[in-house]
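The first chain written gets the first letter, and so on, giving A, B, C, D and E; residue counts start at 1 in each chain.
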Amino acid sequence: MLAGGAARPSERPNEAFLQVRDLKVHFPTDDGIVKSVDGLTFSLQRGKTLGIVGESGSGKSVTSLSIMGLHKRGTANISGQILLDGQDLVTATPEQVRSLRGKRMAMIFQDPLTAMHPYYTVGNQIVEAYRVHHDVSKAVAKKHAIEMLDRVGIPQPDKRVDDYPHQFSGGMRQRAMIAMALSCDPELLIADEPTTALDVTVQAQILDLIVDLQKDFNSAVVIITHDLGVVAELADDIMVMYAGRSVEYGTSHEIFSAPQHPYTWGLLGSMPRLDRERSERLQPIKGTPPSLINVPEGCPFNPRCAFAGLNGDLSTTERPEFREVSPGHHIACHLSGEQRHHLWTTEIKPKL
Amino acid sequence: MFAYIIRRLIGAVILLFVVSLVTFSIFFLVPRIAGASVEDMASRYVGKTADAETIRQMAEKLGFTDPLLTQYGRFISAIFVGADYSTGPTTVHCPAPCLGYSFITQNPVWPDLVDRMGVTISLAVGAAVIWLLLGISTGVLSALRRGTVFDRAAMGVALAGVSLPIFFTGLLSLTIFSYGLGWAVPGGTYVNFADDPLAWAGALILPWVTLAFLNAAGYARLTRATMLETMNEDFIRTARAKGLNERTVVVKHGLRSVLTPIITIFGLDLGILLGGAVLTESAYSLPGLGAYAINAIVNNDLPKVLGVTLVGATFIIIANLVVDLLYAVVDPRVKYS
Amino acid sequence: GGGGGSSNNNNKGGGNPSATGPNAAIGKVFNPSDKKGGTLRMANAGDWDSLDPGDTYYAYSWNFIRLYGRSLMMFASAPGQDGAKLTPDLAESKGVPSEDLKTWTYKIRKGVKFDDGTPVTSKDVKYGVSRSLDKDTFPNGPTYFNEFLDLQGYTSPYKDSDPNGLGLKAIETPDDQTIVFKLKKPFADFDYFAGMPATMPVPKAKDDGTKYKEHVVSTGPYKFEKVELGKSFTLVRNTNWDQATDPNRKALPDKITMQLNVNADDLDNRLMSGDLDVDVVGSGVQPAAQAKILADPNLKNASDNPLSARLWYTNINGEVAPLDNIECRKAVEYAADRTGYQRAYGGNAGGEIASSLLPPIIPGAEKIDLYPSKDSAGDVDKAKEALTKCGQPNGFETNISYRAERPKEKATAESLQQSLGRVGIKLNIKPYPTGDYAKLYAGKPDFAKSNNLGLMVFGWAADWPNGFGFLKEITDSRNIKAAGNTNFSIKDPKVNDAIDKAMTEKDENARQKAWVDVDRKAMESAYALPGVVAKGLYYRPKNLTNVFITDGFSEYDYLALGVSG
Amino acid sequence: MTAPLEASPGSSEAQPEAALKGMGKKAIQGRSLGQIAWMRLKRDRVAMVSGVLIAVMVVAAIVALLLDRVFGVIDPNAFHQELIDPERGIPTGPLGGVSVEHPFGVEPINGRDLLTRIFAGSWISLLIGFAATLVSVVIGTVMGVIAGYFRGWVDTVISRIMDVFLAFPLLLFAIALVGVVPDSAFGLGRDGSRIAVLIFVIGFFSWPYIGRIIRAQTLSLREREFVDASRSLGAKAPHVLFKELLPNLVAPILVYSTLLIPTNILFEAALSFLGVGIQPPSATWGTMLSEASRWYQVDAWFMVFPGLAIFITVLAFNLFGDGLRDALDPRAR
Amino acid sequence: MSELTTTPTRTETLLEASGLQKYFPIRKGLLQRVKGNVQAVDGLSFTVQKGETLSLVGESGCGKTTTGRLLTRLLEPTAGKVIFEGRDITHLSQGAMRPLRRDVQMIFQDPYSSLNPRHTVGAIVGAPFNLQKVKPEKGVKKSVQELLELVGLNPEHYNRYPHEFSGGQRQRIGIARTLALKPKLIIADEPVSALDVSIQAQVVNLLEDLQNELDLTYVMIAHDLSVVRHVSDRVAVMYLGKIVELADRTSLYERPMHPYTVALLSAVPVPDPERKAKRERIRLKGDVPSPINPPSGCRFHTRCWKAQDICKTQEPQLVELAPGRQAACHFPENTSEQTIKVV
């Protein structure tokens, strides 16, 4: 099982394994419709890692839950397409999606303490995950669980398998979550802020682990975070989300070396960095994230964008198209190529 | 864990002391404060036509003239070493735990209590089983179908149960099912389980159901609320993410968490019931602790009141202890040191 | 002997000679049968005071105890007034008094045995009476022997110097068949005393005082098989009982079961559904069942509604102002709506409106109506007149007490509150616990006075159906003690004088007249407001045989009952 | 049993974020928590109907009190014996004597008008329900907050006291006490002292239930940083207890109270059934129902209306309580 | 270096902690005897100079919050002393402490739980006035509104409830509250760790501005090393209840001495995909040991790659290895003046 994904029968190398097309997730609420995700498109190949970054509330988790089919029935209106290996999950029956969960796609959650059932042993929970999709005896499944725990670096897995989650430290819990997610060799792994609750040293351990495991399993990985450092460590491609939309998409290298969207600039500018000289002042993005009920007209970022006035009232009237500006690099911004280049090199980059 | 149990048990004993002392005072001191003389109190224990001298003698014989603490001390010492009582020609020893000797019915209280306990336990435990099954299943279904007709109807019916006093539903059920339809035996036909299990169950089925109906509502509502909360927990999402089917998610992951709050109130409820389901027992003429207690109170039979109170308190304390220990079983995070 | 040939209106409304129908068991035997066998199922809504013959005082208990015990005399097992006549039981014949009526001698039948086969001797009878004197141990029973026997300081066989417990000088047992009672003062009706359960023989060897009630040794046709105090007991045939020694008992059922503390309404339902044969308490069915029975001719046909020697009345407390004024008391007598009183007790079926204390069933009783009104609904004008005379023309305010656990007394209090309210007498209703009513509340003059209990709802039934048995306890003011009274209010020297006269009257008829005079005097002084003479409505389940009401106890005769089923 | 209560303080504003995020600028237009709850409550039709019903009942009860006791306009104790079958003691008319003059029928034996009695009895029943609840909620809250906040030996002592109270068979004590307190106590008017005793007994013996809940909630609340914040500003314990913690306990207290009120109304009924309720001739729903239980076989109509009155009240309070809980719980949507 | 210019020139000591210790007893057994202690803070000594920012960093559970609470006397120390402005406040009664509370204030970690959800913003920010019975000249309301403006909030929000605000705004409300009485020292317990990147920057800037304007002194508790570097003058690194290294910011980040500091710094993910391949990271194995039963000798020896026998037996003292640089290690790094590149 641990032999990696090279021999997967369903592999179609040319086509992206996960394709999301014009995904919209709207929640009708008391106050109006919350457009948590509003027209999101991206795709991901096997063996690749996609990092999704963005402020709190930008729709990252909602996206991942939609892929997993974990929104509560009736509460969310989902439209668009989510193709997993060619199969559309939006139109599939709940039962079909369920059979895919855990087996072909798996998820790691942010807070490993609340995400594990406090009353069952860690082993039990892994066994359960395994046996949903594999018709094996408990003993066999348990052996598998021990192997998995060993694999994610839990010392003495044969003993710890019978511990309860609260007997594990935060890092170990997250490892156990990963073991559980990987127990059925999923082809798609979504990690929603897998290290936010952890200390730096533990975070480093977990990130290493994810990298290692991805190599072994050749899975497609989506990693969601708002820590740009984390995505820099892991991702091949990065998608920057703002107000339920993707505002910039590119390779990890491009996003960090030549970001094109003012929001991405803002994110980079607002974080203090150890790898640079200490700047005298941070440059926060002014204002607060927008309401997802009343997304600002035009470019949703316009109220907070320092450069919104550069192209007349275009920013406030017209929604910028998400377009490819260079091969593989997409952004949604009204600024012209020169403007962006100019701003980046003269105003932004020097301050970082 | 062991130390914890020991500590709790010591606490329980102290608690029982306090309970008995307060009971003692309420039934002894309060009438005195309210103006009854020692003779007045003793006059309950003599015949209809006794003269003042007889009453005074009786007061002395019963020790009412002693200071309250002496009397209480006697009561306590009887529990541990037993006590002697005159039956007329002889004195009998009432062995420990001697919970007193009723001078009204002229018999030791403890054997009575043991006898009545069987009835009360049968009633309480049987009803508890029913209401747990009924309450939890209704609650779960309601939670899962929140806002549907089923939810509303189930909660409505459940509320009907709590909204009517049991002396009322008790009589109603007897009228309908016993005298009307003849499906159940009438009240007052209790037999011991050991004598005739079928008749035992037959005599108890109506009280069980009625009592369960009364209590099930609380459990249904608690289950529903906890379930609604639990189904929002992260670990439920995790369970779904594993690909478990909805039934497993609900039963294995959701329901499991409902146990803790259920156990809490269940312990309390059962403990209280075991101390005597006064109204139920009186509605169905069951010779249990509750009926016994009421009788004792009406007749001002202090030793019996004390005895039954202590037994009731003991049940509640034991129930609480068991509940706390059960927590540790149900919830591995709970550890007692 | 108390029985006199005076009128007994037990058959009122039940004169129908047919074998079935309402009141078919009044004055005659319903469903007579000699068929033996079967189980007689009885139940009690409350608990027995005691099964011990030396420690019991309930009428139903005295009725029932004859099944397992034999006293020297007993009320004959016969319908109607014959049932109020004394007949020798353990004794061969009625007591033989000495000339001064202070010594009474009885001969005990030969061949009577305890249920273990030991023969009964006069010493067992003496022992039984002696131990009943010990009120420390046996507080429940009557105290007639304590009062009348020439005790000379004797208190209890348990404190006796005689190892056999026979040290009592007031009773002599010259031989095993003879027993002689010696009294302090002359008493003509001693046979009544000899009919009390206390004269049932108790074998000293088996007597363990208060525990004896758990295993009473039988001399009657039945003995205890199982006793669960407060729950139930069962009687089975006593093989050592010999019909030949006993002209009084038929002993039809093989077995008698008794359940205690059964919910009263339940009990009625079970009677009507045939799950139960007898409600042993013998005060009739509950109001709900009554309404049901009266509405349904079939049920009604299976019911009896006899008058009893029990009076529901209300004491008017002369110690409480302004009721210390006789006019104010009269105002109460006039204003009270007795139909309301009757309704409280269940209407016609619950009792007849009383205008004086002595129930008509008592031999010699006469109708006395000093405060008449149209339809007994009260005379408002007369009442107002009386109030004016009393100096309270606008009425006054006082309290009325009743026994909390008795809904009928509550209804009475409410009804009186309404009817007295018509003339401005304002009543505040005060319930008190039934068990302590006589000892701590209404029956304690200090309490009644300080709590302003102007009216006190009460009821009275005779120990024996005669003037003495009924009136003495509730009218003689000299008996009034600090607490635990039965006479709550009647304090009139004229009444006391009348009692003395009645007590010393030797002639039976004149004595009856003298008691009627006591009744009249009591009514004149207006210390008591008579309410209703109780009528119980009894349901008679189909499979009962040999059913009849006995005047001795004003309930079904339990000795005679058999079952057909 | 004790009424279940699940609203934990943690949950009551566990994720204000969630509410915020969705609302953004427009929604930030000041809506207090109360307003939000009120908005949600308004939409919950069942709860609103229940609430209106409760309000109507309370008003009716006050009116009844005034009409009966103050102005004496109605006489709930007036007899109408002409409507009663003298033989059987039950109303002659159909349906328990229902007629135009007596829309709810009349009582057996004396023919008192049921509508008037239910109306007149409402204030006692509700007063006992409310006041006893108030007593237990006040004691329970104070004790619970103190135990939960100070912990240590204070907590131990209070918790053990709660155990003692819980271990007492409440019903028995109610009976004993009610029987013993003289009716003239406290110098209150007709029924006054009995009502006071009942309120005291019911309230005083049921505070540990709410005490436990409040204690548990306080234990978790005190760990919240605003408590430390307040202490670090120099707040004394009473300030922390009653100004900081108490407002956060409003939700559980409210919810628990609405569940306790009906329980207490039923408690009064049970005590009446056992003969220690309000004294005659005053009517309460409990005494009427217990009275009716003696007649139910022959005059079932007697119990219909008092039973309905209790039933509707209990139902209304419970449903309102449920609605309130949902409204106060931001997670419930 | 430019950083040196920001190092405070004044050296007036505002706060001094010496040998500060906090043990939380663990009770066990029948008699609830104390069977052990959580040694949350075990002998901290440091000083805070007027006007500077001292940061405490370390992994979760190492005792940072406990230290903060000890400094504000929300907890009673088991041993040691806290001296504020030359005055020993360690054992002042709550009453005697009350006036001092004006000078020492605390910003709390969690902007959601540190504001009473049932109080309005006005009540929250005005609470210090009421509790300290201070009557500001302009009246409480006016002063509160000024404070709100000072922290960049709309003064019209006076009557709103906390739940109507975003995390960043809430943290500002908390800051406004601490500023109300013009304190000299502010203990800030992870003031930004619950906030989003963009908001975090706003708050950090705000804190810096306020320090300049109001001449504040900060003790900043944090675990985000990048933020710490940005805001602090000096940094103390804690491990299991002890300070393992205390140095000025520049030296600490550029030439860490304690191996733990080195590991910590190297674990910080760097938002630069270019560098990730080149970096050589030190991976600590395992978790922080339990403070109930801390390892003997040097507490870090169980995870230290340089550990030797002496580390297990002998506890290294926090000593000044270079001017202004203290470390507690038997084998410190960077002792010579060499400079390593951290990243």
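As a convention for this text, a residue touches a chain if its C-beta (ideal position, glycine included) is under 8 Å from a C-beta of that chain, and two chains touch if they have at least 3 such contacts.
Here is each chain with its UniProt name: A = ABC transporter domain-containing protein; B = ABC transporter permease; D = Peptide ABC transporter permease; E = Dipeptide/oligopeptide/nickel ABC transporter ATP-binding protein.
Values in this document were obtained by computation on a predicted structure and should not be read as measured data.
Listed by label, the chains that touch chain B and also chain C are D. Farthest from chain A, judged by the mean position of CA atoms in each chain, is C. Computed from the mean C-alpha positions, the centre of chain B lies at a distance of 23 Å from the centre of chain D.
Rounded to whole angstrom, the centroid-to-centroid distance between chain D and chain E, based on C-alpha atoms, equals 50 Å. Centre-to-centre separation of chain A and chain B, using mean CA positions: 56 Å. Listed for chain C are residues 265, 269, 405, 433, each touching two or more other chains. Shown for chain D are the residues in touch with two or more other chains, namely 17, 296-297. Residue positions of chain E touching 2 or more other chains, listed in rising order: 166-167. Here chain E touches chain D in the complex through residues 69, 72, 74, 94, 97-99, 101-102, 104-106, 108-110, 112-119, 127-128, 131-132, 159-167, 174, 177, going by the rule given at the top.
Within the complex formed with chain B, the chain C residues making contact are 43, 47, 50, 57, 131, 134-143, 156-158, 165, 207-211, 213, 228-231, 259, 261-263, 265-267, 269-270, 273, 275, 405, 433-436, 438-440, 444, 481-484, 486.
Taken together, the chain D residues at the contact with chain B in this complex read 1-4, 6, 11, 46, 160, 163-164, 166-169, 171-173, 175-177, 180-182, 262-263, 266, 269-270, 273-274, 286, 289-290, 293, 296-297, 303, 307, 310-311, 314-315, 318-319, 322, 325, 331-332. By the touch criterion stated above, chain E contacts chain A in their complex at residues 3, 59-60, 166-169, 196-202, 204-205, 208, 223, 225-227, 229-230, 249, 253, 263-265, 267-276, 281, 283-284, 286-287, 342-343. The part of chain B that touches chain D in the complex is made up of residues 11, 14-16, 18-19, 22-23, 26-27, 30-31, 34-35, 152, 155-156, 159-160, 162-165, 167-168, 171-172, 175, 215, 218, 221-222, 225-226, 228-229, 232, 261, 265, 268-269, 272, 275-276, 278-279, 293-294, 297, 305, 308-309, 312-313, 316-317, 320.
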